[in-house]
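In what follows, chain A forms one complex with chain B and a second complex with chain C.
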Partner chain A sequence: MATLELHNIVKRFKDNTVLDDVSLTVNDGEILVLFGPSGAGKTVLLRLIAGVLDADAGRIVIDGEDMTGVDAEFRGVGMAFQNFALFPHMDAFANIATPLEARKAPRDAVKAGVESVARLLKIDHVLTHRPRALSNGQKQRTALARALVGSPPVLLLDDPLRNVDAKLRFEMRLELPRLLADRGATVIYVTQDYKEAMALGDRIAVMGQAGIRQLGTPEEIYLQPAGLEIARLFGDPTINLLDVRPSRDGQGIHVALSGTRVELPAAMEPSVGRACVAGLRPETLRFVKAGTKGAVPVTIEAETPLNEKTVTLVRTRGGREILVSRPAGTPGPDHGEAFLDIDAGGVLMFDKASGERLAAGGPAAPRKRATA
Partner chain B sequence: MEHTSLIERILRAVALALVVVFFMFPLLWIFLMSFQTNETILSIPPELFFTPTLQNYTALITGKLTSAAGTLDIAFMRNLWNSVFLSVTSVAVSLLLGVPAAYAFARHKFRGSEDIAFTLLSFRFAPPLLVLLPLTLYFQQLGLANTYFGLVWVYQLICLPLILWIVRGYFEDISADVEYAYRIAGHSWFATFRKIALPLAGPGIAAAGLLAFIFAWNNFVFALVLASADKQPVTVGALAFVTASGIQYGQIAAAIVLSIAPTLALALYAQRYLVEGLSLGAVKG
Partner chain C sequence: MKAAQLALSGVDKFYGPVDRGVHAVKSLTMQLGEGEIVALLGSSGCGKTSTLRMIAGFEAVSRGTISVAGKPVHDLPPVRRNVAMAFEGYSLYPPLTVRENIAFALKAAKLSQAAVDAKVNEIAKLLEIEDILQRYPSSISGGQQQRASLGRALVRSASLHLLDEPMGQLEPQLRAVLRGRIKHFIKERGLTAILVTHDQTEANALADRIAVMEGGVLQQFDTPTVIKEKPANLFTGTFVGEPPMNVFAADATLEGGRVRLDLPQGVSLTYPESEFAPQVRDQLRALRQVVIGVRPYAVRRTTDGVAASVATNQWLGDQTHIAADFAGGTIVLVEHDRARVGIGDTIGIGIEPRHLHIFDAATGEAVAHGMELA
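Right after this comes the complex of A and B.
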């Protein structure tokens, strides 16, 4: 098994810098999720690691070996492509067998290897089919089987669930962690789906323009996002963002929402007097009885069930719209006037100008660079 | 499906028939001529009903042309063989050189790659006669005039650009990811070319090869200038039928029938691949 290190990777296409000084270490046996919007360079990064593209600067080290100038076929990585990239003129068996054939494995070893991984992925009944005759789900599993069959120490999975239907995506999201853990491989998993990222990743690297914006465990990314953008990308329903300007008086730091004073913890000190954006996760908001201290009066606009949650859209007196979510089946108002309690500890405060999170108990958070 | 009235269908059938007659008539006429003697061909008005004769074909195959002025030797079968040999060899050489080159142009953007590719294409629109004069002089000095080697070489002007540019398009249409996947699986670039790129571009290569074959087969002017009797293909060899005692229309017709037969057979056989190959690039997945 292997550790994967990226040192100061730079990649440009013409004048467009896709990756600017990206460094990252993936530990042995870890599943690292590369998460980010399209165009953030996730796929390019995978291709650099796989060796089908060359970096303009920087080093890629796999298991202590510098891979600069090493051709793709000698890097010992397995990769599953977003578009599957199956060989259309070969049947599923031959597709999966290619990594074993490349090592000149004896025929019965190839057969045994392909069949075992096909059984694992439940595609053993379609091995004689050409890709054209496979469903999307089977194609995806075939591509995955091809990446897994040679037990490569490093596995690169480029959004493998992107092009499959929702049901299968859900199933695979549950199966994949076990499957990958069994293999013991070091995995880089690219996705644009935050749920997939949270479900699969030991750590998540959030990619932004030309680099990694934040690197951390799923909990860290969710609870302490480095910036506004990241906070917005994670969470469903999305985080409520309200323009505020916290101020301080004798009783402490507070903001005014619809004329109601909401106390903030002392750690919000750096936000005082600045134009800020307060991030309120919908699940940290609770409906409370009228008259509760610090509760914000709102009008309920609409209520929508969302999977296991009930999401309520409310409007404050100031005309701001806020989403509130609560577990489905729990009681809550569905019309008329209501009162919201804001958990001050769960408020994320961002600088409006830079979008950076104003970290608790210190100056503006330094941009977390991806060196772990 | 669309609904069409009876009149519309009849009109369509008539229109199709007209088009077919218009295009096929010369061929049909030549086919009929090939079974007639020179006298019946030249009779006015032309006779639609005649006693067919195989004498044109026997004359061509035996190589003895009997006319009013006596017997004349013609090398038609030799010409036919030359045509086959020159076309097949030229296309084979072109494929051997052009397919890897097309792959390189499709997959690797190197300095000047577009310029080189375009220069090769420009061979196709240089007027052959303009090229021929200097070429003849060079060939005579180099000892390449009137050799198969020299002719096959010159035929590359016809075949190579065609194959290069058609096949390049097919290689470009193959998803690069598919090739990457094969590389990552542990195969060399050459194995990727052989096992992935070549089979996937197969129909396109076949179509390009067939087109090049037809162009090579129909070439006239290169062979006319650069080859003498024993190396001439049928296109040039047909000139022999213009004899001192008149033009041998019957033999010319028979020669045409014989000389289009191989390309026709090849085209009919490969039609499926040709259509698939030529339309493959049109539909992007």
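Right after this comes the complex of A and C.
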């Protein structure tokens, strides 16, 4: 267990500033996810914390102790990588044992430690196999076991599920939180998969140009994204983005969509008269009967059923495309004409020029599904 | 009845000598109607790509016949099969711009310049590659090359369109909307298309019917709905579906007017016998050893259900995935709202008979599915 503090970290590679004044505190026992596209500096930040790279400026503090400049092996940090990085000439047992061997643990302590973590990760039956005799999933579990075995106070996981198949990734995503909580480690977890980020993170740091764009709980990031680019990174299908210029009259703030007036909450005041982008999450949109008040007429272009949801591509009278998603098994619209109900409270409004989210409002909680 | 647009009959593929080499595709028989979209779905090495390559003419069939629009084509070279293709490795012509690449087959078909331009512009708009039409393939990204190659195939008029992992490299933000547009485009023009994919989301989204393959054998060929509701065997049941179907070994006993399913760790599910059709009851009596399956979104939390301890609760924005310790393993539930249960909480697991899938434990073949019970 440990608290990890990063103070004003700067890292440059030649003229390229990868991290510019990054500060962050990871709480004791917390899982913090670093999320962002490749090249956003996630792995560099991990390496700085691990001590395999040095920062150009800033301090790294673990449990109150300044670790800046301290050698990697004395930082109490365990690490697992996306490419597993197992030693090919050593069997799974020896691979997992390396951190314990490095600190010269007694032989029976090594044996007990390796066997217990191997049981937890369900690889106790392949401990005598070398990496080439292991499946991808077993390799990934072996790498994870090696990171966990010494019970390091800080655990750094660099996209550990990236190279395993979808089924296994799902299985591990469900298992990991308990596994990590049991070890009591403070975890920094890097991923490019938003589902993994939301599922595993107590908080998510969304990385952008040279730093952290937004830091918050999965709910804050999903429901109140700081900007349009962040909103686009979370959600499947992706959020609908429509150019609008809200206006105000005696009845309130509104936009026109498909020739229909859509009312907006009073909190959208800052957007009035401004070129904006309205973000509509596909799951907040509902098909309703013709004649429903405020319903937006659309044409159905295509229905694409997925497993737990059905996604419909519709077109407004003005030719704009909108994706609508609903739980699988719930009745959908007939072909041709349909009508959409837009949840005004769920609309995210962004400034078109800057991409920043405008109205302070935004939904506090996900919209409840009408129960069928 | 009208002839099938594509018919494969008893098709085998061996790499190496027939009957002794690697048997990649085993006695494959299937037919596609005109205007149908079919997905060949399976993991790598299942035979889907070999099948596609035989249809295209890039691979010879070892045995069997392939007909397109009623005419045998398996002895014809690719160019004489009237098939349009978007393949990985069947790449864009490097000395031509993206526009010229897409227009190439249209010009060969002797369309007027204006008609060619209109078609290219339309597909470029649909695939969002208008801004790269003047570029050369080497100067655009992998995802853009894929879209250009897809565009080149889709604009052609052909008896059959073959699409190999057509959206594998697209950025996720584009995928959902492109799937919708491509499906609309194909349907509007009545094209007959086969796509090969390992991504079930893509197969479900685009295809009228899905051919699930494994080990060179066609496991099931049906609509996405039937595959979801009535998987033919344990393989299909657990392969198609995300999150995967929950499965548990069970001993079936029928006594006192009730059907009892005993799962590991003393977990027992009992139902009135009347919920099961007589022939299903007979099969359960005969088999005893079965595997039961239930889809994550069909598992319910109920106060009178089997007690299970919550292992994780993961909210993904539009749905919640809950995993709980159950019958010596894990059971996964999907809910469409934000579920407020914490790790370690006890929840009641309810599985209604109408959501049960029952498989023969020995063969993996399906015995019954919820909707046909009673």
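Rule of thumb we're sticking to: the second predicted complex is superposed on the first by the 359 of 372 C-alpha atoms of A that agree within 3 Å, B and C clash if a C-alpha of one lies under 4 Å from a C-alpha of the other, contacts with A are read in each partner's own complex, and residues count from 1 in each chain.
Note that a residue touches a chain if its C-beta (ideal position, glycine included) is under 8 Å from a C-beta of that chain, and two chains touch if they have at least 3 such contacts.
Since the structure is predicted, the reported quantities are computational estimates derived from the model, not experimental observations.
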Joint occupancy of chain A by chain B and chain C, clash or fit: fit
Chain B versus chain C as contact partner of A:54, first or second or both or neither: neither
On the A-aligned overlay, A:66 touches which partner chain: chain B = first, chain C = second, or both, or neither? neither
Which partner does A:86 reach: the first (chain B), the second (chain C), both, or neither? first
Going by the contact rule set out at the top, does A:343 touch chain B (first), chain C (second), both, or neither? neither
Chain B versus chain C, judged by how many residues of chain A each one touches: C
Once chain A of both complexes is superposed, is A:182 in touch with chain B (first), chain C (second), both, or neither? neither
Pick one for A:99: touches chain B only (first), chain C only (second), both, or neither. first
Which partner does A:77 contact after superposing on A: first (chain B), second (chain C), both, neither? first
Classify the contacts of A:334 with the two partner chains as first (chain B alone), second (chain C alone), both, or neither. neither
Smallest separation in Å between any Cα of chain B and any Cα of chain C in the superposed model? 9
Chain A positions within both the chain B interface and the chain C interface are none
Which chain C residues qualify as touching chain A in the complex? 43, 172-177, 179-181, 183-184, 187, 200-201, 204-206, 224-225, 228, 240-244, 296-297, 311-312, 314-319, 321, 323, 330, 332, 334, 336-338, 343
Touching residues of chain A toward chain C in the complex: what are they? 165-167, 170, 173-175, 177-178, 181, 195, 198-200, 218-219, 222, 232-238, 281-283, 301-302, 304-309, 311-313, 321, 323, 325, 327-329, 365-366, 368-369
Per the touch rule above, chain B residues touching chain A in the complex are 175, 177-178, 180-189, 191, 196, 199-200
Residue ranges of chain A touching chain B (in the complex, touch as defined): 47, 50-52, 71-75, 77-79, 81, 83, 85-89, 98-99, 102-103, 146, 150
